[in-house]
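One chain, chain A, appears in both complexes that follow, with chain B as partner in the first and chain C in the second.
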Partner chain A sequence: MSTSDTEVPQALADAEGARVANFLACYGTVLAAVAIFIAFSLASNRFVSAANLGNILVQISVLMVVSSGLTVAVASGEFDLSVGEVAGLSGVLAAGMMVWAKLPVALAILAPVACGTAIGLVNGFLVTRLRIPSLIATLAMGPIALGANYAYDGGDSIYATFPESFYYIATGRLFGIIPVPIVIALVVVAVFYVLLNRTRIGRAIVATGANIQAARLSGIAVDRCRVLALALSAFGAAMGGIMLTARLGTGQPGAGEPYLLDSLTAVFLGMTAFKPGRATVQGTLVGVVIIGMLDNGLNLLGAPFYLQNEVRGVVMIAAVSLAVLRGEIRFF
Partner chain B sequence: MAMRPPRLSARAVRKSFQATCAVDGVDLDLHAGEILALVGANGAGKSTLVKILCGAIAADDGQIAIDGRVVAFRAVADALAAGIAVAHQQVAIIPCLDGAENIMLGREPRRFGLIDQAALRRKAQALADRVGVAIDLARECGTLSLGETKILDILKAVAHDPAVLILDEPTASLSLAESRRLFTFLDELKARGLAILFISHHLNEVFAHCDRVAVLKDGRKVFDGSVAAATPADVVRLMVGRAIEDTKRESDGAAGDGDLALSLRGARVGRLAIPALDIRRGEIVGIAGVLGAGQTELLERLAGVPHGASAASVRLPGLARLPHSVAEAIAVGVYLVADNRIRKALFPGLDVQENLASGALGVLSRHLFMQPGAEAGAARDVIARLGIKCHGPRQDVMTLSGGNQQKVAFGRWLLRMARDLQAPPPLLLLDNPTEGVDVGAKAEIYALIHDFARKGAAVLVASAEFAELLALCDRVHCIAHHQLGAARPCAGLTEDRLLLEVA
Partner chain C sequence: MENDTQIPDFASRRALLQGLGLGAAALAGPKLAQFALGSTPARAAEGKPVKLAVVAQQMAAQSDQRAWAGFQQWLKTTGLDKTWQVTQTDAKGDPGALVSQIEDAITAKSDAIMVLFGTLTAAHSALADLERSKIPFFSLDSGWQAPALADITSNNWVMGGAFGQYMVERLLADGKQKANICAIIANFHHGTRKRGKVMKAILGENEWISLKAERVIQYQGFFETTQNAVNDWLTRFGDELDAIWCPWDEPAMAAAEVIQAHKLEHKVFVVGCDGHPTALERMRNPDYPLVATCAQAFELWGAYGGWMVNEIVGKGRSAKEVVPVPTVDFPAPLLVKGVNIPPAGKPTYDATDLYYIYRDRAVAGMKG
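Right, the complex of A and B next:
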């Protein structure tokens, strides 16, 4: 830390005690992630293999992208419960545009992302102009997006062979080694990290989330921040949906749904790490890794399939109750 | 008759919070059929005493007796069961229920496990009839006037059939006519033998309607006697109880000669009328008024918050109207330090540096990106200049003391002024700038405000602490009857005078 500490020894001793407590509050979740890693390593010798670890990273890449976007929304003080359905819609749109409309791959990626982002803008409009709480506005937007999804594909999956270049998103390897989905996920994480931590609008978004009234009285355009945050959240979801379609090799209308609970869990887990009470991209990353390890590890151990669901719910409750008990998060 | 013990008697009640003794050995007797007024300046210990009497907090020492029987309260429910009911300043009336439902809330008569609507209405109506309340109890409370809601709220307390009724500033939000109606109601309750403890800032009410008055100052009872034995001026003297300290602003002659920083004519913000308000550069102008008199809305409106307002003429630097947005107000150099720092000025969970930078994001960024070096440097400067005590700029702002939090609230604008070279000379709007701040920090904040003015800032400060206004200001306006009075020089004014003006 700084070398200009000129406080008296007593104050330093107090600060030391506070620092230890502070360290645990900030890194407890990271320690938990390490503990989970060690536990699975001991329980299964296949867990730590390079192939499996790479596998985990590929598996969590979609969740990482979706959760990073959601993190921005939560940082601005808003929920986005439409991320799952937006991901599903954009994945199906991308498939349909390539298979049915025969659009070039680039366009079949850009158009669904634009469409998803537009849904986020509508969410922002509902929240800031019509003053519907984001919890409700985005909850309602979910089925609307799902309905549009069904209307587009008739409710069926789109099975077909996509252009070869599209699969590069899921199975390609940068420089022949690094899986492309991991690269995409890391780039998205980095961009959102820089956005929230280094840019003016990012700081305004965080301030709005911390205290919207104080932000307003500071001359921050709070409504613009909330609209942008919800648009970015939907943007992340749409990107994730396309990556998912590339991985599955089909456009499945229901594929996005599970990502709502997973990304919310990741963000809430993340709010207990690094900067307690704040939604941060780096915290969410830890949350995503924990979820990924739990899924993969339980699979390797041959745990019954339903246990994954139970564990997800329990982890969500544990993360939120920890944060609420320590007064780091307040709901309503 | 004289042998009967008082309905409520408190003896040597004491309560400390950390180092400060909020209530310091207070004796209080309250008899059946009387209204006892409890008065005192802010921080004199009134609310702490009320909280002890109604069981919300436990006293450190002393005893409370009801009808001569010593009682001990562990919770509000205990006090209620023992016969002490409170109507708090904020009404606890649920707007979507009707009057009868509100009065019987939580104690609804039941039949076969379901609410017996007929019995509920009968009981509520019987109570209202008994004390002569003519409000239609079948009406949804959201449609009633503020005064009617207040009466229902008191009726709800009376429904518990208490021996003692405590009313915490019942007239604070009422118009004169509504207050009169409330007092007719209280007289009826008194005639029925209730003992009423009445807390108020309005001394004329106290002297017109109460039987006795008890004055608290710094946690001690300094007077207790019949209203006939004292005058409002006596009571004010007792409340203040000291010569004003010599923190008074030295008028250096320059104040008042600067350019006009703000001029309002024929304005109205919410219910507050502002015939004329002028502030010059280098001048500190005060607004004296009881809490909720409309000063907060006035300051916020000047800072660009869209409260309903009108004005015949407005002159701000570079603006001939009220600002449309906070951003516009900041652009012309109007900065507000809001009254409730936790709710309106600070960002909980963000650190000191982020809080300090929050008012100057544009100044501290280039091409959309924050300049981490500039931000850290600016924050360090402000922390050093204001003497903000923290482990470092990265400490969570909520872990600071109240005084240091308030310095951060100030520091946000200081940082902006220091870093924004194009910033116009500022007009500072300060709403209760030392709320919940200890004496030492208070003096530092006063020095800071004086320093702002010396460097050419125009300052408008509203405060419920009149000693503060006298210590800070060159001139002061009083709010009385929803109107901002004419400005008067502080030299020669006393706290007593101001209290009488706004009472």
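Right, the complex of A and C next:
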């Protein structure tokens, strides 16, 4: 047998191996999500019931909205560490506007969303004009938003009965079947997906995040993209905060805070899927679903409460370390 | 109706307060349920095995830990730990997680759900789901909300009055005609919020006491926040400050530590609430600035919660019969340093309330 005869099959095997590796790189996290789904389905007969699957989707709806917004910021190469505080602020603002200011529900939703988005614009200004790294600018903006939150409600929860139409956001069912929070979350996710993947500005945001110098040299207004991305991130957080208030039925000053770490976890998990190393809305969605399934499945199994933290951490390390070892993700 | 369902009158409340062997029963284990709840192992075993989901708001809190320990002790004592399926989750202070975990317990088709120290006013969608599910729902110190069959707690208005008024009396005893105090305010929990409101009402009737400053805290990082606030107050007001009012014992301990660091323990005192063992252990030191607290019976709440679940779900008794009124208030004796702090190792709920000491003296005198 000649050398060339042995090289061809070897090359084919290498190519096949590369294809498999590439497939696993793109869909490994999705496969992990499927594996988690199957594992919980086998372990608990209640996990796959329609009621429980709906339950999971409702539970992750707020996180889905907050994380989708954060994905846009990360896709543009920026971090937004103020999402939790912005969510908390918009939630209490909505509650206060309905209870104290007696504003109509629509206005009590729009005003906090506008306020949250304005905070995102200020973040963008700090990052692009004052050249403060987004990590620091948004880290500083978090306490400012929290301070505004406490100034507004005195650190107290806003307890009252809201108009029924507001509760519809959390407990309503479209056509009597589909929970409204799922619909809202899917609409927001779809809008962000289309924005990032099907619009010029979205592609510009992604290009800015991929290589800011190259994007600038290509004529992209990178600063405008970064400002917009941070504004959209805060918009998502504000929307999530309002959904959370409707779910809780009260304005809770500290309710938004856990969403920072959860949404970062979802985005980083998402960066290991589909387009490794890049923040994508579809990837983040997979991350959110994994988090939701882990929390719900472990609860159904009656696992010790501390196991949720352990398992979530292990899944995060496993997913990200594989991607980092393959050189697909580089943080900082 | 059985008499073991409630503590119906003053005398039996006192009986519980004084213990009549309750402390010993708690230490002896098997007698706890029998004595406190009128539920013997044999009777408890009559019921069907129950699948109970316990959802805690914040297992890191001493109150959650103590209630959970009391529940587990009851479960073991009655022998139901061999048949009941009990799952426990922790929302870690996140109200959204609390809602999700209640929903998960509904999906898991639990026979009963018990929430520990939740904020039920912030669980709107979960309460709606509970209502639809018809699953018997119980809560501990969560502020009663429908459809809960019962909320087991202490009367926070009474406790707020007890340790708040003691602060006033202590200032008078120190010969104050004008006094300055500062307050840590916690509005995130219904109980601490109510105590704060009572404190303000007491100050309204005692205008010679000036509230110089107050700091609203959240649960997250409360210990350090309190320490920093008290440090700043002591720097700002120095020895013009006479007392610090705290909504519960853990911030009170934080305040006490700072006062000791400033060597002002003989000038500034602290009042708190809950009667946590750590706080009481420190209060046995004569130089410790925390001087008064109300001892809540967290362990008994947990045990009583288990008993109620067993009576209603396990044995099928009528909820109305077992829980005539939806809030089950346990007594919480006022404990004062140097007067009625129970000895180490004795359950705090077994102590005698300060005012019952007065009463006992009077009664003893009348009887001769």
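One rule holds for everything that comes next: the second predicted complex is superposed on the first by the 314 of 332 C-alpha atoms of A that agree within 3 Å, B and C clash if a C-alpha of one lies under 4 Å from a C-alpha of the other, contacts with A are read in each partner's own complex, and residues count from 1 in each chain.
Keep this in mind: a contact is a pair of C-beta atoms (placed from the backbone, for glycine too) under 8 Å apart; a residue touches a chain by one contact, two chains touch by 3 or more.
Quantities reported herein were computed from a predicted structural model and do not represent experimental measurements.
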item	value
Clash-or-fit label for the pair chain B, chain C on chain A	fit
Which of chain B and chain C A:Gly155 touches, first, second, both or neither	second
Computed vertex angle (chain A) for partners chain B and chain C, CA, steps of 10°	130
Which superposed partner A:Asp295 touches (first chain B, second chain C, both, neither)	second
Touching partner for A:Ser165 - first (chain B), second (chain C), both, neither	neither
Touched partner set for A:Ser321, first chain B, second chain C, both or neither	neither
Residues of chain A touched, compared between chain B and chain C (which is higher)	C
Contacts of A:Val206 with chain B and chain C, given as first, second, both or neither	first
Smallest separation in angstrom, by C-alpha atoms, between chain B and chain C in the superposition	32
Chain A contact footprint on chain C (complex, rising order)	56, 59, 85, 87-90, 92-97, 99-101, 103-105, 107-109, 119, 121-125, 127-128, 185, 187-188, 193, 216-220
Complex contacts: residues of chain B adjacent to chain A	300, 303-305, 325-327, 329-330, 336, 338, 343-350, 354, 357-359, 361-362, 364-365, 368-370, 372, 391-392, 412
Touch list for chain A against partner chain B, complex	1-2, 5, 7, 15, 18, 198-204, 206-207, 210-211, 213-221, 275-278, 328
Residues of chain A that touch chain C when the two form their complex	44, 46, 49, 51-52, 55, 58-59, 62, 150, 154-157, 159, 167, 170-171, 244, 246-250, 252-255, 257-259, 295-296, 299-300, 302, 304-306, 308
